[in-house]
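Look for chain A in each of the two complexes below; its partner is chain B in the first and chain C in the second.
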Partner chain A sequence: MAKIEIEIDGKLVNARAGEMLIAVTDRESISVPRFCYHKKLSISANCRMCLVDVEGAPKPQPACSTPIADGMKIHTQNEKAKASQKAVMEFLLINHPLDCPICDQGGECELQDVAMDYGSDVSRFTEGKRIVADSDIGALIQTDMTRCIHCTRCVRFGAEIAGIMEMGGTGRGEDMKIEPFLTEGIQSELSGNMIDVCPVGALTSKPFRYELRSWQMNSMSNIARHDLVGSNIYTQTYKGKVKRIVARDNDDTNETWISDRDRFSYEGLAHENRLLAPQIKVEGEWKEVEWNVALDFATRGLGNSVLNNHQSDQLGALASNTATLEEFHLLQKILRELGSENIDHRLNVKNLNSPIALDSNVKLVNLENMDHALIIGSYTRLEQPMVNHRLRKASLKGATVDVINAMEFDFNYSINSENIIAPNKVVATLAGVLKVVLESKQQELPDYLTSVKTDDVITELAEKLLAEGQSVIVLGEHVINNDSAASIANLITNIAKQTKSSTLNLSASGNSMAANLSGFVPGKGGLDVNAMLESELKAYILLDVYPHYDFHHSIKAIDALNKDGAFIISLNSFKDKDVANYSDVMLPISCFYETSGSHVNIEGEIQSFTASVSAPSDTKPAWKVLKVLADLLELPGFHYADSAQVTSEITHQSHKSHVHDENIDLTTKQGIQIIWQKSPYAVDALSRHAISLQATKIGQMNSASMNKATAKKLEMTQGDEYLGVPAIISETVANNCVFVNANRSTQAGGQS
Partner chain B sequence: MNEVCFKTLDQKKSWSLKTYEANGGYSVWRKILKGELTPDQIIDELKTSGLRGRGGAGFPTGLKWSFMPRNADVQKYVVCNSDEGEPGTCKDRDILRYNPHSVIEGMAIGSFVMNATKGYNYIRGEFMEPFYRFEGALKEAYDAGLLGENLDGSSVSFDLYAHLGAGAYICGEETALLESLEGKKGQPRFKPPFPANIGLFGMPTTINNTESFASVPEILAQGGQWFADIGVENSGGCKLFSVTGHVNEPANFEVPMGIPFKDLLEMAGGIREGRTLKAVIPGGSSTPVLTADAAMAMTMDYDGIEKAGSMLGAGSVIIMDDTTCMVEALTRLAHFYYDESCGQCTPCREGTGWLYRVLKRIMDGNGKADDIDLLLGVQDKIIGNTICALGDAAAMPVESFLRNFRQEFEYYIEHGKSMVKG
Partner chain C sequence: MISNKAKKQIDIWVAKYPEGRQSSAVMEALKIVQAENDNSLTTEAIQAVADYLDMPGIAAAEVATFYENYNHKPVGKHTIRFCHNISCMLNGADDLIVYLEKKLGVKTGEVTKDSLINVKKVECLGACVGAPMFQIGDQYYENLTTDKIDEIVDGLRKKSK
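Our next item is the complex of A and B:
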């Protein structure tokens, strides 16, 4: 766009023709009051607070919706502008309850702030004020609609960003009400952002309700670790406790939004189920002890069980994917120093003989520019909300999205071709796609493709990827349940290469990228998790493992860990019955926001954070615990003063890229296939302990979905327990397939 | 009288295609289909005619049509505004009832000029009879091959649909109308962008009032100059005035622009026996009220009414005689705007309620001495600060009522009762 010059309050300013005036004033730090304008939402120009005087215009013009033109002369502060701004302020206040001291937004209210500058002290309004009845919109958001100023930011957020229009304006004139259309309350996985966009106290955080004033809290930058994005957040703390979490802008990751999981999981930190003291098991009884006693017990245990007999190959280390980069690094370093390569974090992967190997080679911001996406095995909206947000943006710009899933999911954008097929058919479908792609490029077919069948659907999937424009193939988390996972990944690699598509590997979540970066996988001669459990090792160090949720083969895992004779050191932040059963030492570690460390996101970006609060009671950051353990084991090279030194060691070490086999095997097992997923708010211990999240509809997802035919074969009826969760009979599921979403109330869990 | 929109009024079945064609109807459209008229010629004629938008704002129609990006390679639309909700106006209703084909032909011509192959007529929700008349006329026109695709073998196509609103005054505002037509809540859009660039379904759109469209065929049949000559400087042609209120024979009159107000009053049978003229709202409830003296000296054209201190608006002349309590009249108007505000923008949503409540309180006998200043202050804070003109429309009567009839308000506040009615 053409560069032009305009004059604002007597100052010459450069700008681009067609930009909205408010974008220019914001850039120049010229303050123009506003309520309805939000840089990431469409313009609605309804609050009229931003009126300014434009020379030559008979009426004052709203800065948010006035495109600038060369030579424009604008006054934001002259008498005409001020008069309009004051007028609007007065109108906004006549029906607004002026009881800021009891309002939860007090101290961080845009209305309050602007009123200080533009309001007048005496109200001339003596008629009765409007009162609006509230409705309960769920566990996360508290409404106080009498305070609503009808700016429609929340409405536009729903329609434009969340993709579910949950709030809307009903009625007209003074009776216009902003309210949810649906009686079942707010459902979006991004709903909490409405709290951030609401300029007043109409929408506030329910878990935080009436707790504190914003100015009483410290705001500290941090990174959320529940998914592959690593959304940037502020933790707001008071007296050493995290009290609230809000979004922090970063256009490369989360823009200005965060998922509800990132926003509300902090509630779990204060859960009574926290493990707060070191404990050792003496003659089958748990005893709380001092840290030095516990650590001494742990080192001696390791000595007796493996080290003293030079059996370090009988030692294994497992970690859940919420650990920090530094924690992964220290634990693998301990193991390797001790001479063991039995290291793994891929607890939830069904088949590790041929693991998924697929690069992610697209930036989050670039996802928005895709013309086409093929998603395989993912309910992206709930599993990776901010990745989905980018895909949605692409879709809104006209991208087509094709899906291969085992079940129909509620995407918040339109799907071009939705293919619901059982997991054992995915590999054949992708092979078909590769075949069509190769044929269309007149390339020779490898042997394994010659007898592969193709059909119209497969051809269309292929043609979409072959078409002009940028495309991305997304491999989702459900694929880890697939016996052919490796072949699926290798087929995707091939298809992507041939069609010049990008790839995005969403199969491992949380901080798994950090585990990979630190080498938290078995090295030469080492065992993977499934093999370790099979081979009855003599000692384990388990980092924040909750077996009931974390292992794919959870029943087997619990059995294996409970076998007599193994010495098990568990570092956990929450208590867990199974952990207590099989462990010999339990070391209480700090949780999210209580420790410094790093998250590695899908782009490989290392985002480091410091602790926002100190660890509660007797808990300690795991990186410190591991360092002391290493010292007690008299291992060299653990002289770190802080976690940043660990980080720099990792970033300076050379990373060998693993050589993967490129085998493609199209044979599949017949019979009923199971996809076992933790429900979106049960992905890690912290989320599982966040009461408000658990009370939402997403938090309550706990079912084994199957169609009628499958149910008949399994002799199941609606409501029967299947793998510990109630069965739901639905024709949205592929035949011969059960899709399990297990939340924290799951009884049995996992597959054998 | 009755030379343009009401040309067929006195004839049998004035709304039928037969009658319309017997009076020269569709001759211009047929000429277009034969390729005998160009868009530029039509725009020139309209500019010469001095036709100004009859929906209230008085924007020159020829100029408006020239703004459309007719060569843009996208679907374009013409939309007719038959929402007619302004208190005092009922002219469009009668055009639809008695001469619907003039609207169809006017829209068809417009569609040709602006290269829009689709049109909608948005008809006020309460207008059942006019709606069915219009639908009947549409059927006749389709059956006669006057609407549809590749008409008469030409490359000209035009499909026209009637849409019944749901009874909201704000849907007469052109961008709220578009929202409503798209199936959304009827709320005005902010401008720019203007409908000529981003209109119905995001496409270039021209919106005109029913009377504006209905005037076009006759103007083109008789020539722009002919039309201009009927009226006066700056106000070409004739215009429908709806004369209502305290007159003996309220009705719509199609008369030349510039006719003296007192003649129009005469045509409507004059003021009722034994009463005297007190006040006139000349252009519909949104225009300022005039005193009898100012009205009697005024001519009925854009400049004449402006000189008298008001606006021609939609030509809706509301006559009030000496039995009218001006406090009550203003309170009723204020209630209308309070009730009809769409509620999206702050000054109108909050201000219309405030104005009405203060007036209501005065009517209830609880007026305060500074209420008049308060009312003036509030209306001043609404004017010019809103998204659409409804805010201005709500504010403007307040100022003029208080300016011209202040003593009645002061009396009401002081005595707690009406100066007129006791």
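Our next item is the complex of A and C:
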């Protein structure tokens, strides 16, 4: 756009033609008051607070909706501008209760701040103020709608960002109010952002209600580790406790939004179920002991069970995907120094015979510029909310999105073709797509494709990828339940190569990118998790593992770990019945925000963070525990003063990327297939212990969905218990499939 | 919730807008659905209209609560829409409204026991030349007096018998 020069308050300023005035003043740090304007939302210009004087215009103009033109002269501070702003302020305060002393927003309220500058000391309004009834909109957001000034930011957020318009302005004139239509509670997975955008105390955080004033807390930068994006956040702390989490702007990752999971999971930190003291099992009884006793017990135990007999190949290490990069690194280093390659974090993957090797090669910011996306096996909206947000932006710009899933999901953008097929048909479908692609390029077909069948649907899927423009193929989390996962990944790699598509591998979760980067996978001769459990190793070090939730084969895993004779060291943040049953030592480790470390996101970006609060009670950051354990085991090379030294060691060593096993196997098993998916708010121990999150609709997802035909085969009716969760009969599920969304402990993992 | 006949009527309006802009027909659709539901809209009816036009329920509710012509409570067979804006007010509308309320035995906003008539105060209907005035159905009644009101109301009562 053409560069132009305008004059603001006597100062010459460069800008681009067509920019809104408020964008220019914001860039130049010229303060213009506003309520309805938000840089990431559409312009509505309904609060009128940003009125400024534009020379030549008969009336003051709203800066948020005034496009600039060359030579424009603007006054933001002259008498006309000030008078208009003060007048608007007076109108806005007519119906505002001014109950700042009992309002949660007090101290961080845009209305309060602006009223300090533009409000009058004495109100001229002597009539009665109106009162608006509150609506209960769920466990996360507290409403106090009498305070609402009708800026409509929450309405626009719902319609434009969350993709579900849930709030709206009903009535008119003095009777207008902002409210949801149906009072089932807000459903969006991004709903907490409405709290951030609300300029007044109408929408505030329910779990944080009446807790503290903003100035009493320390705000520290941190990274949320629940998903593959690593949203940037501020943890707000008071007396060593995390009291609230708000979004921190980073246009490369989460823009200015965060998911509810990132925002409200902190509640789990204070849960009574935290493991707070080291414990050792003496003659079957748990005994709380000092750290040195516990670590000594652990080292001796490892010595007696494996090390003294030179059986280090009988030692295994498993970790859940919540660990930090440094923790993954130290644990694998300990194992490798001891001479064991039995290292794995892929606890929830069904078939590990060959790895799911698919590199992501697209930046999050570029996702929104895609012209086409093919999503395979994912409900991105709930699984990776911020990735889904980018896909939604692409869709709004005109991108087509095709989906291959085992069940219909409620995407918040339009889907071009939704293919609901059973997991055992995915590999054949993708093979068909590859065949069409190769044929269209007149390339020779590899042997395994010659007999593959194609049809119209497959041809259309392929044609979309072949069409001009940028495409991305997204592989989702459901693939970890698929026996043919490795072949699916390899087919995608081939299709992407042929169609010049980007790929995005969302099959892993949490901080698993860090596990890959630090080499937390079995090395040469090492066993993967399933093999370890089968061969009944003699000793394990388990890092934040909760077997009921973390293992795909959970019952098998619990049985294997409970076998007599194995010496098990468990590092956990929360107490767990099964962990207590099979462990010999339980070491309490600090949780999210209590430790320093790094998250590696889907782009491979390492985002480091420091501890926002110190570890509670007798818990210690896992990286310190592992370091001391290594010292006690007299291993060389563990002289770290802080976690940053660990990080730099990782970034300085070169890492091989995925070892690609190019084998593609199109054979599949028949019969009923179970797709076992952890509910979005059950992905890690912290979110499982966040009470408010669990009370939401998404938090209570707990069902086994199947269609009528499948239900008949399984002799199930609506509401029957299947794999520990209630069955739902719905024709949205592919035939021969059961889609299990497990919120709490289920037996599902052991089956299928 | 919406009859096939109503759907056909709505489709005529949908066809007037570009494809994908079917929600533009929301005002007419609400009107049509209201007409076949005893002249008032329930939450379910609004949701049904929203679903039919593939738009969020709240967006339809915004429209339905903004305009005076949509009713959200049960109404009588006849709604007397009494203008109380400046011209009518200067010509005695307020007194006539009190007279009408007394005659019917209900306040504005309420429905007579026989569900025949309700009174609603509305803004200017553009008939200032004949103030004071009210509207019943599509019919304007102008230059109202107490006698004229008696005649009209009695007429309505007689017709319903």
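Definition applied: the second predicted complex is superposed on the first by the 744 of 752 C-alpha atoms of A that agree within 3 Å, B and C clash if a C-alpha of one lies under 4 Å from a C-alpha of the other, contacts with A are read in each partner's own complex, and residues count from 1 in each chain.
The working rule: contacts are C-beta pairs under 8 Å (C-beta built on N, C-alpha and C of every residue); 3 or more make two chains touch, one makes a residue touch a chain.
Just so we're clear, the structure is a prediction, and the values are computed from it rather than from any experiment.
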First, second, both or neither for A:65, with chain B first and chain C second: first
Comparing the two partners chain B and chain C, which touches a greater set of residues in chain A: B
Touching partner for A:182 - first (chain B), second (chain C), both, neither: second
Chain B versus chain C as contact partner of A:457, first or second or both or neither: neither
First (chain B), second (chain C), both or neither touched by A:169: both
Contacts of A:95 with chain B and chain C, given as first, second, both or neither: first
Overlapping contact positions on chain A, where the chain C interface meets the chain B interface: 169, 171-172
List of chain A residues in touch with chain C within their complex: 159, 164-172, 180-182
Touching residues (chain side chain B, partner chain A) in the complex: 168, 170, 185, 190, 192, 338-347, 349-354, 357-358, 361, 374, 377, 380-382, 384-387
Chain A partner contacts - residues on chain C that touch it in the complex: 43, 46-47, 56-59, 61-62, 65-66
In the complex with chain B, residue positions of chain A that touch it: 43-49, 51, 58-60, 62, 65, 67, 84, 87-88, 90-92, 94-95, 124-125, 127, 149-150, 152, 169, 171-176
